[in-house]
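Residue numbering begins at 1 within each chain, and the chains themselves are lettered A, B and C in the order written.
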């Protein structure tokens, strides 16, 4: 029955596909010319377009027989796009991705082990601790361009106005709550209230990831080593109690996305918040003067935790499309993740920490005032077990955070609900 | 006339004329619907898309999971509350405006045409306009409420609060849909014979009585169609929800459309998404069917 | 006298209230488009732009001009869909109105039930079917999928116009020896021009408004249409730019408003006819 129906459809649009074929890609492969497809959402983001275009020209001049073809889709859609293209038999070679996407690509059978494509000596130059976050069952499925924990950004000017020392940002949640008392009394120049502390909770996967970072701050965890849900620990409960307290005191903008927080922070209406180091780019695009008041600090310590955070990274996920394309992809990756490829980018566009040992001394990074305060915290991170349903888990964490904040639910009851739903979602 | 032979070619000719429409509807609507119902009983995920492998039967797991997590009852509740709320207010406000515009007054033609503007604003843009009005820090509605309540309520963030977010989307939906409802009801009002209305006035029937015993019955066919169109439209509503809240906060605006889209295209669990749409379609058929039945019964009485 | 004035005042108040609700958001969109971002973020908000600027529009034309790619795509897709829908609706609408065959009963049932199915449920499997047929991520495929979605309503709408044409006209021509095609295309079709316009405009407006089809069936940025382009690109992860978004909203709405006001007569007639009879 199903076959028949499919046949009907295919026959019905068969005539049309004659037209359509004209638009399909023309990858005529002569021996020497190779085209690699790189999926990259950043080409659609305002600040980054120029950089990536420069990479393409630079790389193609150096390797005249290789052409880069960008596959673009916006941030929220790029994974679907890559998967859908693969479903149509058209696999990209390289995906500019986030750490959290790797398990999904691996589970889909798309991501290749990096050691299959990149030379070993190149991989060996990356910090082993950092590479741990990219491993699934001991095999790395992504190679980082740069990394960042969730750093605490704070507004020096607001700290001064509140009578606090801008050089001693809080180090624990208790200190933060203490500082927040005076910070939350401030008004900006238009008379708008100032929020003291921002933690994103809106329903997007990256918010869930950030909440996981907060759970690590408290020494808690969400998943057991085998990838099953394991949230009956003090740190997990503490983190959500803290979110509830922040909400009740009105310190945290409700139901905010990271970009909302960046917006508020850029306008001087948010005193501290957690973000990836490259969130600075978003801040600067709203307020070009942001450099004058922004500073960073290590993630806060909470409860019995020692302020560990979660590593985030922009990385390349590689796909094996046969030797010729794999070789070209390998060249491309090595071209980008190098001092030449990244130092300007890291110094001016996207403050972040390099992941290669040989790049540790890039001056633009070492002296970057935006990065300085939190520089030690890259190594103080917890690697979370990779599970294929990571997106679902992250979204459920957001829902839980919303339940205890805007939903005014009791923390214990909300966590019980969370366990029920999440267990069902992770079950297959 | 040679009736026999013409009849035969009638059949053939009318059949040929419908072919393009049939081919398109069958291949782009009927087949996919049937396939998605089949898929709802299967484990069908990213791997199947990439490898092109068929889904595997998974023993109603898609369905049991959706009920275990309570997502289906919740989505059904949000969908139905939204539909009822929007339809009631839309009907009342649309009818009020139609009754007023049905009288000729200076500028009534102008008002009739200008009031249609929201209807032609693309849905996604309507969502954006209302998001901006509802913006929690600088939004106009926050200002308005704070002004009206004299500063007692000055932190209104409709879309961020689970108990009001659905209402916020409903306001945007009303804004976009009232014009069409008014237009259709205005057309229906033309069907109400004025001589009967006048006769009733002479007999001493007040405006309220005239409205319920003459105007409404004469307009019944139009009302029935207009309301059922809007029920279907709001039952299926996706873009407003997706742009304004994406289903949040805390799932308080997750209707069937959002749930199925998220399951299928965000979690990439197509089997589960198909299970949501299957339940959704069944519920929709029940609601629309019983609505039409109720109307037929009323017509007869 | 006083007693008579009351309902009049009440009516005026209600009308102005509803009109304010309907029109104020449009005003707000317009003036925000002319504000700077810094002024847009002012609270309490200013009721008219204190320094009207064209920054948003200039930005749109110079820096964010991929918007116009979406815009042109949207025109292309909407126009093509409207055209194809009209042609198909003429065939099918005539058939339904003129011939009451058994097949047409089945056909009507297919049309009526198709109207009810939510788009998402189709998208889930349409996606894989269309990739197999090789028309995913093409304009051609998108247009076909959208046309299919418009057909049920449009066929029924147009058939209500065909029903109003007296049969005698046809029969006279038939006796004169005109072929069936001549009758349909040369004789009958011109008589339902208002209906065709109504269908065409309706299909145009609905396609202009489409979100879900384009969101799932199109993946390359250069083929993307307006609604999807806006949500994906301008509600990106970095930040909101509200004055830019409002500029986009203004420009995205203008064609719809123009089309509607130019063809209002047909549109209103057509919709009413379709709704009352269909």
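For this structure, a couple of remarks:
Assume contacts are C-beta pairs under 8 Å (C-beta built on N, C-alpha and C of every residue); 3 or more make two chains touch, one makes a residue touch a chain.
Quantities reported herein were computed from a predicted structural model and do not represent experimental measurements.
In terms of which chains touch, the assembly is arranged so that all chains touch all other chains.
For the pairs A-B and B-C, the larger set of C-beta contacts lies at B-C. If you average the Cα atoms of chain A and of chain B, the two centres end up 37 Å apart. A straight line joining the Cα centres of chain B and chain C is 16 Å long.
Chain contacts: chain C has residues 41-43, 128-129, 144 touching two or more partner chains. In chain B, the residues that reach two or more other chains under the touch definition are 24, 26-28, 31, 35, 49, 137, 265. Across the assembly, chain A contributes 6, 9, 13, 84, 87, 192 as residues in contact with two or more other chains.
In the complex of the two chains, the chain A residues touching chain B come out as 2, 5-6, 8-9, 12-13, 80, 83-84, 86-87, 104, 107-110, 192, 202-204, 253-255, 264, 269, 389, 391-392, 395, 398-399, 402-403, 406-407, 420-421, 424-425, 427-428. By the touch rule above, chain B contacts chain C in their complex via residues 9-11, 13-15, 17-22, 24-33, 35-36, 39, 49, 93, 96-97, 100-101, 111, 113-125, 128-130, 132-133, 135, 137-140, 142-143, 175, 178-180, 183-184, 187-188, 221-222, 225-226, 229, 232, 235-236, 238-239, 242-243, 256-257, 260-261, 264-265, 270, 273-274, 277-278, 280-281, 284-285, 288. Interface residues of chain C facing chain B in the complex, by the touch rule stated above, are 11, 14-15, 18-19, 21-23, 25-26, 28-29, 32, 40-45, 87-89, 91-92, 94-96, 98-99, 101, 103-104, 107, 110-111, 114-126, 128-129, 144-145, 147-149, 151-152, 155, 180, 205, 208-209, 211-212, 216, 226-227, 230-231, 235, 242, 245-246, 248-249, 252-253, 256-257, 259-261, 264, 268, 271-272, 275-276, 278. By the touch rule above, chain A contacts chain C in their complex via residues 6, 9-10, 13-14, 16-17, 19-21, 23-24, 44-47, 71-77, 81, 84-85, 87-88, 190-192, 206, 257-260, 262-263, 266-267, 281-282, 285-286.
Here chain C touches chain A in the complex through residues 37, 41-43, 63, 127-141, 144, 219-221, 232-233, 236-240, going by the rule given at the top.
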